[in-house]
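Each of the next two complexes has chain A plus one more chain, namely chain B in the first and chain C in the second.
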Partner chain A sequence: MTPQLAVFFVLAALAVAGAISLILQKHPIHSALSLIVVMVALAGLYLLLGAEFVAAVQIIVYGGAIMVLFVFVIMLLNAGVEEHTSISKMAGGPGLLLVVALGGFIAATIARSSESVQAAEQTGTLSSTRGISSMIFKDFVYPFELTSFLILVAILGATVLAQREKS
Partner chain B sequence: MVPTNYYIILSAILFGLGVFAFIFKRNIITIFMSIELMLNAVNLAFVAFSQALGKLDGQVFVLFVIVVAAAEAAVGLGIIILIARNRQSLNVERVDLLKL
Partner chain C sequence: MTSFLSANAELIITIVKIALLLFIVLTANAYLTWFERKVVAHIQSRWGPHRVGPHGLLQPLADGAKFLFKEDPTPAGVDKFVYHLAPLLALTLALTAIAIIPFGPNPIRLFGHDIYLGIASPDLNIGILALFAITALGVYGVALAGWSSNSKYPLMGGLRSSAQMISYELALTMSVVGVLLMAGTFNLRDIIKAQAGPGIFGWPGIFGWNIWPQLLGFFCFFVAAIAETNRAPFDLPEAEQELVAGFNTEYASFKFAMFFIAEYTSMITVSCLCSIMFFGGWLSPFPDTWTFTHYLPSAILIAFGLWVIWDGIRYETILGRIMLPGLGTAIAGLGAVFVLFPGVNEFIQGPFWLLSKIFIFLFVYVWMRGTLPRFRYDQLMAFGWKLLLPASIVNVITTSFVILKWGAK
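For the complex of A and B:
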């Protein structure tokens, strides 16, 4: 087993354990902390893939900004332990069935995919940050500008939604 | 070196766990977190294919997905605050105005 494969399995196990912990935890704050574990493990996998810029953005934006927002809202609303009713226990059955069906479908697709895709080894030599910057500001400059507009609309929407109505 | 297959399988597992959490959990904040988990799983597949094909398009798409996820989190959490204020509960089964 090469060192890369060993690192991959450690990080993959960490990510899956975090995702399972997200489901099993009863308190939202514990679920949020589990999700942070998943995101950090995924950032490590991006580094292993040689995508160092995406790994940094993953830590800063997901692990930093978005999860802080989640934790902030959980504390603001004083969210307690979630209550499970008979309906939610019933939802577990179809949910599990759906997940198994989805997993089988994806497994079948991977099995039928061409050998070249299956056997393609991750080399991790692609120089990414320079290439990404030139792609964003040359090929994808209009979508990039549109995302700034999207962020603006989201900020306005969040402000309007969360403000208290004057009575 | 790690085959691309392994990354795709891990991505599928994480996506499946996200779908299960989305259906099974009853707290609206946790449901929102499971959506983020699914987005992360898709990002992993994007980066893995980007490296396998030797093209950077996938990584650029991941950046756009992260931007959209950030915008979605801002608006979604605003909606959650509104629901919590109107219903005094974070349980999705209490949000049943459109139910028969």
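For the complex of A and C:
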């Protein structure tokens, strides 16, 4: 087993364990912490693929900014231990079916294209910062700007909704 | 045995480097507390620590022993796992950040291996991004400590800290974009290299540094960085007049020391970053042709050593009369070694300038703490969002336009 593969298995196990823990934890803060573990483990996987920029941004944006907001809101609302309800009928029947379908779909995709999955070394455009920026600002500039505009509208909407009534 | 050593040389070198840097950083931390207490004391017309050892020089050792031997109670009703995790997280992340800093331009040739100063590989392409990633996680130490203590004041401190860090992280990241645009890389070594050579008006040395074209960027970066490290005048998370001791109220003994060390290590990291990003890192402020300035480190060390000896022989206590002249002889001797061995002198030029700049920034940190009153909470938020963030965005846009029109240099 090469060192890369060993690191991959450790990170993958960490990510899966974090995801399971996220669901099973009773306290919201513990769930948020588990989610941070997942984010950081994913960043490690990106690093392993040679996508350094994506890995760093994954931690800065998801691990840092977004999860800090999650933790902040949980702390601010002082959310306590969640009550666990028994599995709802919706989740029991169709949920299980969906899990099986999704698992089958992923397995089928991997089985069909085993070669491209194994080609882990990313040396193409996605690995370098220059490649990513030229993709965003040249090839996909309109979808990117449109998404930015959408986010801006959402921010303005949230500000308007949260604003106090002028008396 | 030899085959094992040669097969894992990189690994062994890295482990030795980590141990060495850890020792240096922790010692520097300990004496930074001494330095801070002395400087703040003199600002306020006091003496500061002066009982333990000559000039209080052994005070950090006494403090360390005290931290180790104090009782470490766990308050009732805390979230045990998170309560113990928080100081560990704070310290680990603070120490990891410093591993990315390069401390010198040239490698040492030892046992057939080029050993660079600094732990991270010299061609780490995401240097500054990796640092921001680590500092972005750093907030959890403080926020979780505040939350898990199950107490009002720490919770307030934790909340303030998260809000403050979210607000200032944006300005922090935006303020270095100007530097990155000018250097065209994230690699810290290449950012320093880009500052060598002719700068404004084609003048050499100090005029090539990023501080001249990026004055606004530096202002935003330094202010945001002080806020990120929770230091005065932005130390609201531990505002003692309002919150007892803020997020670390319920921590005692070594767990408290871990937060303390984390804070001081972050100070050192920020000082390193300021020097590297805006003040030319290990570049000398003098032109390359002034070779006589290469004797400056020796001159400073010998002068300082002689002064310590002179001060020591007149000291009141016997311990001081032994310790201070010994220390002075060691310092002056180090300076003499640099003069006598030209190869060594050439090698220490880079680290000397970097360490001098770091020291100046650490002094500025302490100076600000001794001078400025703390911000009020609403002032803090308004300052971050309404002044710092727009200013750093203006800086990014201006720099981009200038580079687009006239090129990077």
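The rule we apply is simple: the second predicted complex is superposed on the first by the 126 of 167 C-alpha atoms of A that agree within 3 Å, B and C clash if a C-alpha of one lies under 4 Å from a C-alpha of the other, contacts with A are read in each partner's own complex, and residues count from 1 in each chain.
The rule we apply is simple: a contact is a pair of C-beta atoms (placed from the backbone, for glycine too) under 8 Å apart; a residue touches a chain by one contact, two chains touch by 3 or more.
What you see is a predicted model; the values in this text were computed from it and never measured.
Colleague: In the overlaid three-chain picture, which partner chain does A:A107 touch, first (chain B) or second (chain C), both, or neither?
Modeller: first
Colleague: On the A-aligned overlay, A:F53 touches which partner chain: chain B = first, chain C = second, or both, or neither?
Modeller: In the superposition, A:F53 contacts both chain B and chain C.
Colleague: Taking the superposition as given, does A:M75 touch the first partner, chain B, the second, chain C, both, or neither?
Modeller: second
Colleague: Check the residue A:V37 against both partner chains and state whether it touches chain B (first), chain C (second), both, or neither.
Modeller: So A:V37 meets neither chain B nor chain C here.
Colleague: Under the stated touch criterion, which partner chain does A:G63 make contact with: chain B (first), chain C (second), both, or neither?
Modeller: Touch status of A:G63: second partner only.
Colleague: Scan A:L14 for contacts with chain B and chain C and give back first, second, both or neither.
Modeller: Touch status of A:L14: no partner.
Colleague: Touching chain B and also chain C: which chain A residues?
Modeller: Common to the two interfaces on chain A: residues 53, 57, 65, 69, 76.
Colleague: Please give the residue numbers of chain C that touch chain A in the complex, ascending.
Modeller: Per the stated touch rule, the residues are 79, 81-82, 125-126, 129-130, 132-134, 136-137, 139-140, 143-144, 146-147, 155, 158-159, 162-163, 165-166, 169, 173, 186.
Colleague: For the complex, which residues does chain A have touching chain B?
Modeller: It comes out as residues 2, 4-5, 8, 12, 15-16, 19-20, 22-23, 28, 31-32, 35, 38-39, 42, 45-46, 48-51, 53-54, 57-58, 61-62, 65-66, 69-70, 73-74, 76-77, 79, 82-85, 87-88, 91-92, 94-96, 98-99, 102-103, 106-107, 110, 117-124, 126, 128, 131-132, 135-136, 140, 143, 147, 150-151, 153-155, 157-159, 161-162.
Colleague: Considering only the defined contacts, which chain A positions touch chain C in the complex?
Modeller: 27, 29-30, 33, 36, 40, 43, 52-53, 55-57, 59-60, 63-65, 68-69, 71-72, 75-76, 129
Colleague: List the residues on chain B that touch chain A in their complex, please.
Modeller: Touch residues, chain B against chain A: 1-10, 12-21, 23-27, 29-30, 32-34, 36-37, 40, 43-44, 47-48, 50-54, 56-57, 59-60, 62-64, 66-75, 77-82, 84, 90-91, 93.
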